[in-house]
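Next up: the structures, one after another.
Below, subunit A partners subunit B and then partners subunit C, in two separate complexes.
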Partner chain A sequence: MFSLIENEVIKMISKKRLMFVFAILVVLITIFAYGQNQSLAKTKAQLSQRMGVTATDDWRKLADQQIITIKNRLDSPYMDEKSKSSSRVRMEQLQYNLDNNINPLEQSAAKFTTKFMEQAIFLFLPLLIIMLSSDMVSGESSNGTIKLLLVRNVPRWKILLSKYLTLMVLEVIVVFFSFVASAIISGFFFGFGGWFAPVATGFKVLAGQLDSTGVRNVPQWQYSLMVYSLAYFVAFVVGSISFMISVLVKSTAASIGIIMSTLVAGNFISFFLSDWKITRYMFMVNLRLTDYLSGSFQPIEGMNMVFSIYVLLGWAIASIIISFVYFTKQDILV
Partner chain B sequence: MQQTPVLELINLKKSIKGKEIVKGVTLTLYPSQIFGFLGPNGAGKTTTIRMIVGLITPTEGSVTICGHSVAHDFVKALSNIGCIIESPDMYNYLTGMENLLQFAAMDKRITQQRIKDVVEMVGLQHRVNDRAHTYSLGMRQRLGIAQAIMSKPKLLILDEPTNGLDPAGMTEFRQLIRTLAYEEGMSVFVSSHLLMEIQQMCDVVSIIKQGSVITTANVQDILHDDKIEWQLNHPEKAIALLSEHWAINAVQLKKNTISADINQHPLDKINECFIKEGLALTYCSAKQSTLEDLFLELTEGDEIV
Partner chain C sequence: MLKKSMWYTILTIASVGFIVLAIGFYQAIMVTTAVNPQPNPTAEVPQTIPDSTQLPSKNSNLFKVLILGDSVAKGTGDEKGKGFASYLPDYFKNSTSKDIVVENAGIDGLESTGLLEQLQSQNLDKPLADSDFILVSIGGNDVRSILSLNNLAKEDQFKVRQDSYLANLEQSIKAIRKASPNSFVIFIGLYNPYEKVNDVEDIRLLNAWNYDTQQLIEQAGQGIFIPTSDLLKFNLGRYISKDGLHPNSAGYQAISNRISKSVETIIAGASI
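Entry: the complex of A and B
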């Protein structure tokens, strides 16, 4: 089994596919980080113009003021539990900034790394995974090598399993690489710190409303870890689905086309989400898992982290089963 | 004593989308035979071969390789097979050697030494470290054979192996197969629509037409009836001599040419007699009836269905 996986890895490396994915990641992260840097500079300039203060110097005063306001509000008896907890979380963050002398306007490598994956998780990361997975099986069919592969004294399921396991390893590598690459590249722009700054999480949806009762702060590194774990889960799901398509379709072009158009379609299908219930069972609209962490999603009744994870898991398992059943039974006619 | 057949097909049938492509093929192949599988395009040769190697599941019937059923004991059955199905497709982005290593990694029996030997056997040692997309068709064939014989299979299966090769390449290829079969003691199952190829390579031939085997016979048996042609100055006298001494009926073909079926009679004695009798013998040749005659006879008047 190990030698079969080794074979697949050699093929993947010789095809230069993995290097290509890495190159895309490095280029894109660099552009993103540069862009962030530019817009940050612009914001600072605007702020100092508008408020007559240099944002870099006077942020402490502002934070002090904000904390006092929040404290006053918390003492007020008219405040409900919900706004209390979110205010408390906000106060903690401000206090941390003061204690550690962090200007909230400044970016940090940790913040950027997290933000990057939050933006990449629903389209960019899946596309990278598709680049790797979509021709794993269909590529062998379209160039005819599948005939050589399946007439060895190795059962078919083993061959497919070796390919699938290879894909899972590659998914880990890609997600890990994007973490390392964005942490390092953005570090050059924004400094390498920020891993212990508090980040708010724990939002819930109750009765169609964003509920922040359970909100609390976690350190940035822990938050990043959660984001990248979810990213791996998304990579695993998209990888499995595109792997299945690669098994079912004989041509690489068709295989890439199908999965890409599905993904892109998902972006505007989510538009119908609230009134067309069936769409929430599609995998494409459930990919924005990180939004559940940051509370930045459109609250929709019935959709939450657990729901999305179950839907995605269902798709992945179904894809794996279909892939194996079809692959072991099919007649090879190419 | 009956040997275990290397390959046994029993009533093999395959229907694809309701059309019966192979209609009950039964064949037996014994050790160290070179078996030709002859038929026009679309006769079901490739489908049959794909069923043998397990790429296609038969609708009915069974394939047994060295006593192991392909359907029930795939791994053991396939351990005895090496094959090229149609064109020898390789990973173009890998070198010849890397290609071989890919397939060698799938079978624990193959050693580094064996890979080296095989490369030399097929004469690819100078180019084996070049990428496969730089190879000519002939070299791809060689690489294809190398991967097929790496595991020392008992049965080598070649599907239309010389398709696309030029005549020199074909001759070279046939030579290679002959040598391999002899040196490695393999049985070879070769399909082709080229008559000459089968005639020159094979011991036994099966002719398939529209999905059924019409006849199976030793190539030598089919080609037994040797006709001899002589060119000499007095054909009438020669004809008389032949019927007088050996009771052979000869016919005059052209002005100075006669032809006769001499059966088991020694040709040298006949010629000696001619010369003794003062005939000037200018030319003498044996003309074999070819497989082509038989093939055309059997497949006469068929259209591709």
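Entry: the complex of A and C
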């Protein structure tokens, strides 16, 4: 079993596909980091022009003033508890910036790395995973090598399982690589620090409204870890689904086409069918898991982290079962 | 051989990575589902509205001002942390011999809907009934979000926002009048804090907003609308705070000065 997986992994590496994925990541991260750097410089220039002073040495005053304001706000008896906890969190962040001399305008490698995955999780990362997964089985059918695999004295389910586990290994590698690459590349642009800055999280939805009572700060490294873990979960789910399609469909092109169009459609499906409750059970709608962390989601009653994870998990498990049942029962006629 | 060592590297990274990611995944679920993970000690202090019954009621030698509304009312942006609550007494004390007491009930980010809810919750009934003057600033947050729209959408959205704002304000003033029939209402008009938003269309909208508000205040009687857009228009650098939105200390003082000049005789009349 172990040697089967090793065999599959080496096959994937020699196919150069993994190298393509890495190359795409490196190139895109470099471009994004450069772009961020440019727009940051522009914002600073605009700010210093508008305020008449350089924003770099002026931010302390502003932060001091904001802290005073928040303190006043917290003392006011007319504030409700909801807004108080977010004020408290905001004050902690400002205080941290002051204590550690961090200009809130500046980017950091940690911020960029987190932001990158938050933006990549619903389309870019799934597409990279599809590049790897969509021809794992159908590729063998297309070029006929599946015969050579199946004539070996190994049960079919073992062959498929080794392929599936290989996919899971590669998913970890891709997520890990995108973390390392974006931390290092953006580090050259923004400096390597920022991993201990506080980030607010812990939002909930109560009665269709964003509830910030439980908001608190976690260090950026922990936040980043959570984001990348959710990214891995998304990779696992999308990988499973596209793996199933690659089992069901003989041609690699068709396999890539099906899963890609589904994903892209998912990005606007909720826009057209927002009143139709069944859309929330589609996996594409639930891919933006990181939004639950950052509180930047549209609060919809009934949709929360646990719901989305259950839906995604349901899709993944169903896909795995279908893949195995179909692969062990089908007649291979190549 | 190279492939063999590569396989081991990949396997190590994958297994370590998997464990780390599993921990992160668990944390992510905990953080989004846990019920109030950190019960804040301060959160458990019961929120008591300051008991106005302790203060001697009207007709005594106190002159009471209640401040209602959004962040401008509250004094946000003042680098000294003061705002109207501490400048108004300075300017009013020349006109009255009574001691001036200010109650600040302003809330950052309050919209007109929020003000109406606040008034209808009857938490404020007691302070309302006691006050001689009521300073109101509201509407800035209602109108702020439409500024970024294009002109066509802006026009439509503006109409919608303004209608709901005016309806809320009318109800709010009724509620104030009901709780406090004899007080005098001072309404702070909207100003434009943005230098770049200066096309005629935007100014027309701002003026329409202020004009309709003023009409409403005049209809209700016993109140005054204090314009601020003219005062701040060419003084943004001097009067607007670093956040680019609220007045700074000098700005609050300038507006307070204007208010005190407008209502001098009324204060004098009320304090006889």
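As a working rule, the second predicted complex is superposed on the first by the 331 of 334 C-alpha atoms of A that agree within 3 Å, B and C clash if a C-alpha of one lies under 4 Å from a C-alpha of the other, contacts with A are read in each partner's own complex, and residues count from 1 in each chain.
Keep this in mind: a contact is a pair of C-beta atoms (placed from the backbone, for glycine too) under 8 Å apart; a residue touches a chain by one contact, two chains touch by 3 or more.
A quick note: this is a predicted structure, and the numbers were derived from the prediction, not measured.
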{"item": "Subunit A as common anchor, with subunit B and subunit C clashing or fitting", "value": "fit"}
{"item": "Partner chain(s) touched by A:Q66 [first = subunit B, second = subunit C, both, neither]", "value": "second"}
{"item": "Contacts of A:N143 with subunit B and subunit C, given as first, second, both or neither", "value": "first"}
{"item": "Superposed arrangement, angle subtended at the Cα centre of subunit A by subunit B and subunit C, nearest 10 degrees", "value": "160"}
{"item": "Partner chain in contact with A:L98 - subunit B first, subunit C second, else both or neither", "value": "neither"}
{"item": "Touched partner set for A:V218, first subunit B, second subunit C, both or neither", "value": "second"}
{"item": "Partner chain in contact with A:I10 - subunit B first, subunit C second, else both or neither", "value": "both"}
{"item": "Which superposed partner A:M260 touches (first subunit B, second subunit C, both, neither)", "value": "neither"}
{"item": "Of subunit B and subunit C, the chain that contacts the larger number of subunit A residues", "value": "C"}
{"item": "Least C-alpha distance (whole Å) that remains between subunit C and subunit B when both complexes are overlaid", "value": "11"}
{"item": "Overlap of the subunit B and subunit C footprints on subunit A, listed as residue numbers", "value": "6, 10, 14"}
{"item": "Residue ranges of subunit A in contact with subunit B within the complex", "value": "3-4, 6-7, 10-11, 14-16, 143-145, 147-155, 329, 331-333"}
{"item": "Sites on subunit B touched by subunit A in the complex", "value": "16, 50, 53-57, 74-76, 78-79, 81, 83, 85-87, 89-94, 98, 102-103, 105-107, 147, 151"}
{"item": "Contact set on subunit A toward subunit C in their complex", "value": "6, 9-10, 13-14, 50-52, 58, 61-62, 64-66, 68-69, 71-74, 76-79, 81, 83-85, 88, 168-169, 172-173, 175-176, 201-204, 213-214, 216, 218, 222, 225-230, 232-233, 289, 292-293, 304-306, 309"}
{"item": "Interfacial residue positions of subunit C with respect to subunit A in the complex", "value": "3, 6-7, 10-11, 13-14, 17-18, 20-25, 27-29, 31-38, 40, 42-43, 47-50, 74-77, 79, 81, 104-109, 118, 123, 195, 237, 241-244"}
